[in-house]
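In the two assemblies presented below, subunit A is common to both, partnered first by subunit B and then by subunit C.
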Partner chain A sequence: MVGIDLTARENVPRWLNYATPVVTILLALACGAVALLALGVSPLAAYWTMFGDTLLSTFGRTQTLIKAVPLILAGLAVYLPLRAGLFNIGAEGQLVFGAIAGTWIGLNVELPSVLLLPLMFVAAGTAGAFLAGIPAWLRAKWDVNEIITSLLLTFVALQLQSYLVRGPMQDPTGNFPHTAQLSAAATIPEALLGVHAGLIVAVVAVAVTYVLVRKTGLGFEITFVGANDAAARQAGMSRFKIYLLVFVIGGAFAGLAGISEIAGLQGRLRAGFEPGYGFTAIPIALLGRNSAINVMLAGLFFALLFVGGSSMSVAYGVPAALVEILQALIILFLITAEFFKRYHVDIEFDRAGDAATGGEA
Partner chain B sequence: MADHAFLRMEDIYKEFPGVVANDHIDLSVNGGEIHGLLGENGAGKSTLMKILYGLYTPDSGEIYLGDDRLELDTPQDAIDAGIGMVHQHFKLIPRLTVAENVVLGQREPAATFRADNDDSRLPESIRNNRVVKSLAETFSLGLDAPEQRIQELADQYGFDIDVSANVADLDVGQQQRVEILKALYRDVDLLVLDEPTAVLSPTEADRLFDSLSRLADEGLSIIFITHKLGEVTAIADRVTVLREGRRVDTVPVAETTQADLAELMVGREVLFRIEKDDAAHGDPVLEASGLRADDDRGIESLSGLDLTVREGEVVGIAGVSGNGQTELAEALAGIRELTDGDLRIDGADLTGASPRAFVDAGVSFVPEDRLRYGCAEELSVLHNAGMKAYREDRFADGPLLDYDELGRYAESLVEDFDIRGVSDVTDIDAGDLSGGNLQKLILARELDRDPDLLIANQPTRGVDVGAIEFIREAILEQREQGTGVVLLSEDLDEITDLSDRILVIYEGEFVYETTPENADRERLGIEMTGGRVADEPADAVNSPEAVAPTAATDGAESTDSTADVAAAGDGD
Partner chain C sequence: MVTFAAGLLDATVQAATVLILAGLGELITERAGVLNLGVEGMMLAGALGGFIVTVLTGSHWLGFGVGILCGMALALVHAFLCITLKSDQVISGVMITLLGGGLTTYFGSAWVEESIDGFPEVTLPLIGEYLVEIPLIGEAFFRSTATDYLALLLVPLGWFFLTRTNLGLELVSIGEDPETADTMGVSVFRLRYLAVLIGGGFAGAAGAHLSLAFSGLWVPGMTAGRGWIAVALVIFAQWRPSRLLIGAYLFGLLDAFRLRSQSLSLSLEPGTPLASVFNPVIDFLTNPQIMGTYPYLATIIVLTYAVARTKGDRLAVPDALLEPYTRETD
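Now for the complex of A and B:
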């Protein structure tokens, strides 16, 4: 007979807080190794290609940084509401909304680049903020679950995009579901290391978020509302304001992610232009939830997974889906780690029958 | 009282980093005995009981129950051995019903699957199939039989509870009864109650004592943790006093006095009465008229209250829990919406204003439920100390918040109010503090603002004797600074000791007003329970039952007396 006893931990040891993300990633990689072995590929060699080669080559580093831009920005879009105790599952939709608005400005406004690009970013941020504002308002005003509304609005955004690139915004010269190419003025220039200036936007966003949460009175309120909104209200903090604020700023970041991906990398908006950055943002925010800087590190790591994963799949002929499996494993282990962080588990063998009933309770 | 020890805890030693919580403690409890466990917060009572309940493992020492030596690694071991515990902070799930909470962990399968159910549509062979059985036990829930049993238990011990009600809709007193039911449902032989009366009104406490005596008569052993001396002498057979982790003494209650016990507990003489100076009453800081508000369920719980509080005046509001105190306190602190009436603070109309406006107008609030409204458990002492002060200019560093200054501020509160257990204000969370120290932190924060009006709801509930003294004195000191105080308490001594004026609240109305000098406890008790004094007509003697919602005639009666009170208030 095996009895399993769970006891809630009175205190989470400090080291456990730091160890969980690292252990989580290592365990996920170990499980991925099993899949690699089954495919007849040496896990060590494959992981070396994935991480080592990517980080050691200029091309790999550049690609990782480019991928990291939307991931970090979208990660912040989930992270900030999380601080206030809310889940923004709709970063994907906010990102798409930003891409649509920014691209529209880029295609239809004639201005020199120094004015046009900021305008595109403002439009994208506003569009993302608008879409994020809806679930926030519903939650703050009527207590409608923001997880559901933000998620469902994502589908609205995706369908709208699908319609626009086949209709009003379609490239008039062709029949493909995408817009015309953005002009040079509407293209984000290279900043450093072959990476477009969206990277600077992402780093600034991280810094702004860090300062906002850790150093300002608003951040104090965000933290308090996230920890106990009833006490926060009693202290005169406005839950309405905070809920709206974290979602709107978060949505704006997601919008920026959308336009930097289009104007910095792809050059035109096409249906399904982005591979779920807004959803990947959720594990990024969970991994990095202790601070905005951790979100940035998690974003970089997931970018590395994407880039390294595709070189691995090319080099060894393993399915690209393996990378998605790795990501999924990381999420699974993360959730499991949360559980182990909170509970102390004793597994006991060779106890009498009553041990089993004890375990059930 | 049986003559041999039923429970023996021998030489229990438990050390936490830096603290010896239990220093070789012996405790023995007889069968059918009510045993008081007395001590200040931090004396080691809770640790000892957590060891008994399998939550902590002792570093050394042995526990015997009956003739068996117990190895208690988890609460489940304790429950299996027949030990039940009612915690101070309830472990209930608000969204579930009473019955669902009680059967948690001890579910029965749905009636259709039960082996002893003759009316089941399923043939017995299927019901007895092992796979079906285990599936049914895991995935189905039958509440009919348990509900009936729980209701019987509730009725048997005089618990006024509807087993199908949601726990969220019950008041604290009722929630505690659910906790006790949980233990009784599991057929315990030894019941540990951790400060059970901390949340009860005097009448409810008496009822609890009746129930406990009845349980003890039936052979149940009860350990009663408390720091209220009156309760020990009222109900316990013997009492063990702990101080600083050591057992000071175990004495039969009949052979001791409250003063002796207090000295054993604190190690010095304790003042039971606080001397207060007369403070001059100035202008009104609070003028409320015709206040009406609903409770969380949308049922009217304030039915037109008038209340005026002047500078330097303490208005004590006495009443049995659940008669509108919570709603009144919340309405005055600006966090409960009024359905009618006017509210003025320092002459400014704040009817319908935001909580922020109340904070800015100089209203401080010590809530009844510390963990819900008073603090954020998972945030640091710094955050909680600065919960209202963070907006002040002195903490502004340009557009940023000066956390260093906030830290120094928190440290100064910790020092001034002697808040113990805070080694580092950024590192220790509010949830790490004991009840008394957390309450001191909240009070420190609220008083340091030098408020014009202080709303204190049950400020000393669940707090040890030393801290009670401290908190009461702090409130009186604030009164001398000219703060108007609304003190809501179920502790009549507290009300009469601290107040300048006493109002009794019953079913959302003030039914009686007096002063501490003229206060007659018996009369207060009658008014609190909605009873009527002798000069009123026939059906006057409707004692405890009157706590339950009463008939319309009753309400009409008390409206009259409210008018009297209102008139008296105006004349003041």
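Now for the complex of A and C:
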């Protein structure tokens, strides 16, 4: 007879906190190795191409940083509501809304670059904040589940984008589902290391979020509401305000992610322009849930995964979908590990067995 | 006009079957207190698994069965994480959708060029030939694939199971109040596992129907968001099988109409008063992409209305949804 005894841990050993992300990533890579072997590819060589070659080449590092910009910003859009105990799984939609609004300004407003770019960012942030505000308001006002509504609004945003690039915002010179090219004034200039200035926006966003959560009274309220909603109400904190705030700021970050990707990299809004950054934001926020800095590190790691994954895909003819598998596995192992953080598991081997003991008595 | 309507109905029935299968499974899972956001991934697993087996063996039913098993395999992961390990159901579900999409794209790339003859469209035995003669709806409803009939049959069965059998009632009870149910001797863990596996099987069946009856092809990501619509549909239906059936036809009709809206102009004649005002509005509202937002918007409205009206007291949403169950121990 094997008995399993679970006891809730009172405090998590420090080593476990650091070991978890590392171990989960290694486990996911081990599973990915099986998938690589199944297609007859040497996992070591493939992973070397994926991580080694990418990190050792200037091109690889630049691409990783470029990819990290929308991932970090979208990651913050999930992270901030998570601090208040809310789940924003609609960062994808908020990102798309930001891209739409920013691109529209970029195409239709004539201003010098110093004014136009900030205006585009403001528009993108506002659009993202607006779309995020709906689930937040419904949750704060009527307790409508924000997970469901933020998710559903994502599909609304994707359809709307698809409509716009085929209709009102379509490039008039062709019949492709994309907008016209943004002018030079509406393009984000290169900042450093060959990476566009969106990187600075992302780093500033991380710093702002870090300071907001860790160093301000508001940040304390956010964390308090997230930890104990009822006690927070007793203490006179407004749940309504906090819920709206975290979602609106988060949505704005996602909106910035959208316009950085368009104006910094792609140059025009296309149907299906982005490969699910808003959904990858969920693993990023979960992996980095302890602080905004960790969100940035997780964002960089997933960017590396994307960039390395596509060069591996080209080099070995393996579908790039391996990256999706790895992403999902990392988080599935992570939530498995959460269990061992929360509970202390004792396995008892009782040789006599319950039945035998019962018989003797 | 009549042929347009008949074609529209035919497409509605086809689109609805997928939603009925996936939605009914999700409904059963949610009634037991577990949210499954992995439907889309499970459907893809069912679509690819079923397709491969049908290509290899030539048997539709064997493929369909394997499709169900593929859905259940992913559901087992969800069940283990959410029930045994008490993990967050939202995270697990979203990641399983990601995993299912990744795995099927990765391993399915070799099968993209294959095609099969789908499930044949048949009439019901004995009375079928007369039913097909019914104007307008005959062809749509009574000349269908076996899986279409199966989906229709499963709705009353699902209703009967949840409301009239002991097992079904126990299953609902653990979605409402697992503590009390446990005290009454209902095995919460075992039943929740069962509910999640049933949901995964239904999602796998929905996916297999897509590749085996609907298209006869495998294309990565071929579910195209139908799994998410199924999740929305359960909320839209307020967790009731009968309303799920109506909702599935409504969403199915919308889907069928949206693919055909180009061929049918609803615009007013140029001379009609106010035509210049209404026509742009009609064009906008019947645009295929704009119509694509309706199921999601309708679900948000229904959800908000239901929550606001009942102020959380009598809402149909299972009380223990999203809450992992931990047995009190001394």
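Note that the second predicted complex is superposed on the first by the 337 of 361 C-alpha atoms of A that agree within 3 Å, B and C clash if a C-alpha of one lies under 4 Å from a C-alpha of the other, contacts with A are read in each partner's own complex, and residues count from 1 in each chain.
Assume a contact is a pair of C-beta atoms (placed from the backbone, for glycine too) under 8 Å apart; a residue touches a chain by one contact, two chains touch by 3 or more.
All figures in this text were calculated on a predicted structure; none of them were measured in a lab.
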(message) According to the stated criteria, A:Ala328 is in contact with first (subunit B), second (subunit C), both, or neither; which is it?
(response) second
(request) Based on the superposed arrangement, let me know which partner A:Ala252 touches: subunit B (first), subunit C (second), both, or neither? (result) neither
(message) Output check: A:Phe220 vs subunit B and subunit C. Expected answer is one of first, second, both, neither. What do you get?
(response) first
(request) In the overlay, work out which of subunit B or subunit C sits against more residues of subunit A. (result) C
(request) Examine A:Val201 and indicate which partner it touches, taking first as subunit B and second as subunit C; both and neither are also allowed. (result) neither
(request) Applying the touch criterion given at the start, work out whether A:Leu138 contacts subunit B, subunit C, both or neither, answering first, second, both or neither. (result) second
(request) Once the structures are superposed on A, label A:Asn228 by its partner contacts, choosing first (subunit B), second (subunit C), both or neither. (result) first
(request) For subunit A, give the residues common to its interface with subunit B and its interface with subunit C. (result) none
(request) Quick one: which bits of subunit A touch subunit C in the complex? Just the residue numbers, please. (result) 6, 35, 38, 87, 89, 138, 142-145, 147-149, 151-153, 155-156, 159-160, 162-163, 166-167, 279, 282-283, 286, 318-319, 321-329, 331-332, 335-336, 338-339, 342
(message) Considering only the defined contacts, which subunit B positions touch subunit A in the complex?
(response) 55, 73-74, 76-77, 79-80, 105-106, 333, 335, 354-360, 365, 367, 372-379, 383, 386-388, 390-391, 395-396, 399-401, 403, 432
(message) Please output the residues of subunit C touching subunit A within their complex, sorted ascending.
(response) 37, 77, 81, 85-88, 90-92, 94-96, 98-99, 101-103, 105-107, 109, 220, 225, 228, 231-232, 235, 287, 289-290, 292-293, 296-297, 299-300, 303-304, 307-308, 312, 329
(request) Report the residues of subunit A in contact with subunit B in the complex, numbered from low to high. (result) 5, 7, 11, 211, 215-217, 219-220, 223-224, 227-228, 230-238, 346, 354, 358, 361
